[in-house]
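Take a look at these structures.
Note that chain A is present in both complexes that follow, paired respectively with chain B and with chain C.
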Partner chain A sequence: MFLKIVSSISIVVCCTLLGIHMSNRYDRRIYNIRVLQSILINLETEIVYYSTLLSQAIRNSTRNLEGDWKNFFLEVADILEYKKDCSFAEVWKETLQGIKNCPYIGKGELDIMYRFGLQLGNSDRLSQRKYFEIAQQQLKTEEKNALQLHFRYGKMYRSLGLLLGLGIAIILL
Partner chain B sequence: MNIDIIFKIAAIGILVAVVNQVLLRAGREEIAMLTTLTGVIVVLLMVVNLINDLFNSVRSIFRLY
Partner chain C sequence: MIQKIEKKPIDALNPILDALPDNLKKIILSITPTILKDLEEIRIRQDRPLMVYSRGRDYFLCRNGRLTHHADNAYIVSQDDIRRTLELISSYSIYAFEEELRNGYITLQGGYRVGISGKVVLGKEGIISFRHITSFNIRIAREILNVANKVLPFIIENGQVLHTLILSPPQMGKTTLLRDICRQLSNGFPGFGGVKIGIVDERSEIAGCFQGIPQNDVGVRTDILDGCPKAIGIIMMIRSMSPNVIITDEIGKPEDVMAIEDALNAGIKIITSAHSSGLDDARRRPILKSLIDKNIFQRILVLGNSLGTGTLERVYDGIDWSILLDHPVR
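This part shows the complex of A and B:
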């Protein structure tokens, strides 16, 4: 009997934690989008006003920030510095492929960043600024979508986890 | 007869109802429907032996061999 109770409690706790983990994915995605917006603002300043070298500009703009996008940008900067025979667009595409399966990054942001990366460095400063503005606007829309999803499914996953755990425990009891 | 199974079925019923409500609120009607169906199937699997016993008893009482 004691063993039964202990195993049931562990099942319920595990399922609840799983639900919380699933609902945290939405939280983390919103956080990542906000970090990405900050990185882009910093990068815009570095490129348009300071005219820093791209890899250094990326490093400067990700300073003091956290999150999955920071790792992405740092990887791009690393590859740009060590692999001299690649164009920026190639490096960008390759690194984006690597980050594609991250659960905390949505497809919308990936698409926006894909298009943004292909246009970066192709024209004069004025158009660069426009590209930054477009990316920011699109990211804002994406942030709104992510918030909506968070409100809709965040709570759902949290309660579903607990209920699923209870269900399994009752059936096995 | 074991009375525990009645409580078990009641608990499953309550749980399925709550899950159903949660899923409906989140706008996932199809999955809510699937959960209900799963609940029904699980309960049916639990009582299928008892139903078999009931039919056997009825047959033996009325001598319907």
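This part shows the complex of A and C:
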């Protein structure tokens, strides 16, 4: 009986944690979108107002920020500085491929960043500013979508995890 | 006269090699070392043969780096080579070189200049940008030290620098001369203690700045306004940096004259240059004529190539028009 109680408690805890984990995906995605918006604001300032070279502009823009997008941008900057045998578009696409399977980044943001990257750095400051504006507008829409998903599924996964755990425990008992 | 030419070792070509796509870089590195050592220009033109200029003549380059005089055997530059070269010379940051692109060049680390040509987009205020860039001329700058030795006795009198105008046709070494004058006046030399110099380097030619840092030796007491229009830059220098001497290149606009007059009124010496084959030629150009006739410049130096590039042909006293040097010196 003691063994049954312990295993039931373990199952409830595990299922609850799984639910929390699933729910956190939605939280973390919103966090990542907001970090991405901050990075783009900083990057726009570096490019439009200071004309900083792209790799350095990326490094300056990600300073004091965290999250999965920071790692993506830093990887792009590293490649630009040390690997000179591919074009910027290739670097951007390859690095995006690397974070494609990250559970905390949505397809919407990936598509926005894919299109944005093809224009980054290759025109004058006025055009660059417009590309930043477009990307920011699209990210705002994506943030709203992510928030809706968070409200719709975030709480559901938390409750579902606990209930699933309890259900399995009751059956076993 | 001893002139010390600073030959760039092959390692010093690294900023240029870094600005080339891998395939072009391999071709350039395969050139025989003797030619590579004296390389002066790399010409990259879309759909045309890759060329280099070295030791006074040009060569086509084959895919394996072999030099040839037959264009048919040469490596033909592709559109992708051009696109990649543009990305690399601009460090993937076209926006950072907007102003330079309007002037038709980008300066690389090391002071190397890349000339650019292609289809220009015009606006109300002149060139807006390039739409199709189709060729690059990578110039390997050679810094020539002590070239100003022959000139300094004429432009310094009783320990004071004199207002000086250098007249020269293109490619006769006036920027090289200005740079060395700047270096020597700034560092000082036996009998001259060195003075504060302000360079207004509109086209980044004198100091060859990369990200604001001079890539050529322009002296220890020298401040540089890089990429700044001369007229604005001269006024800014006067107000902010209190130089003893302002050096600038290729004057020719009415506002340049006004700025120079401001500098004179502030007690600052001016050393500058202009495109002209001589004094008579300069007097036929209204802006230069007004400067010369106002007796602003105390010394007028004329450069030519009668004894080779950089020959000092004549020196005039700009006040009483006496000839201080009547035979060519190199």
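Throughout what follows, the second predicted complex is superposed on the first by the 173 of 173 C-alpha atoms of A that agree within 3 Å, B and C clash if a C-alpha of one lies under 4 Å from a C-alpha of the other, contacts with A are read in each partner's own complex, and residues count from 1 in each chain.
By definition in this document, a contact is a pair of C-beta atoms (placed from the backbone, for glycine too) under 8 Å apart; a residue touches a chain by one contact, two chains touch by 3 or more.
Note that the structure is predicted; figures quoted are calculated from it, not measured.
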>> One more residue to check, A:Tyr114. First (chain B), second (chain C), both or neither?
In response: neither
> Which one hits more chain A residues, chain B or chain C?
Replying inline: C
> Regarding the shared-chain residue A:Tyr153, is it in contact with chain B (first), chain C (second), both, or neither?
Replying inline: first
>> Contacts for A:Leu163 in the overlay, against chain B (first) and chain C (second): which applies, first, second, both or neither?
In response: first
> Which partner does A:Tyr31 reach: the first (chain B), the second (chain C), both, or neither?
Replying inline: neither
> Of all the chain A residues, which ones make contact with chain B and with chain C?
Replying inline: none
> In the complex formed with chain A, which residues of chain B make contact?
Replying inline: 8, 11-12, 15-16, 18-19, 22-23, 25-28, 42
>> Quick check: in the complex, which residue numbers of chain C touch chain A?
In response: 18, 21-22, 83-84, 87-88, 90-96, 98, 129, 211
>> Show me the residue ranges of chain A that touch chain C in the complex, using the header's touch definition.
In response: 47-48, 51-55, 57, 80, 84-85, 87-88, 121-125, 128
>> Considering only the defined contacts, which chain A positions touch chain B in the complex?
In response: 152-153, 155-156, 159-160, 163-164, 166-167, 170-171, 173
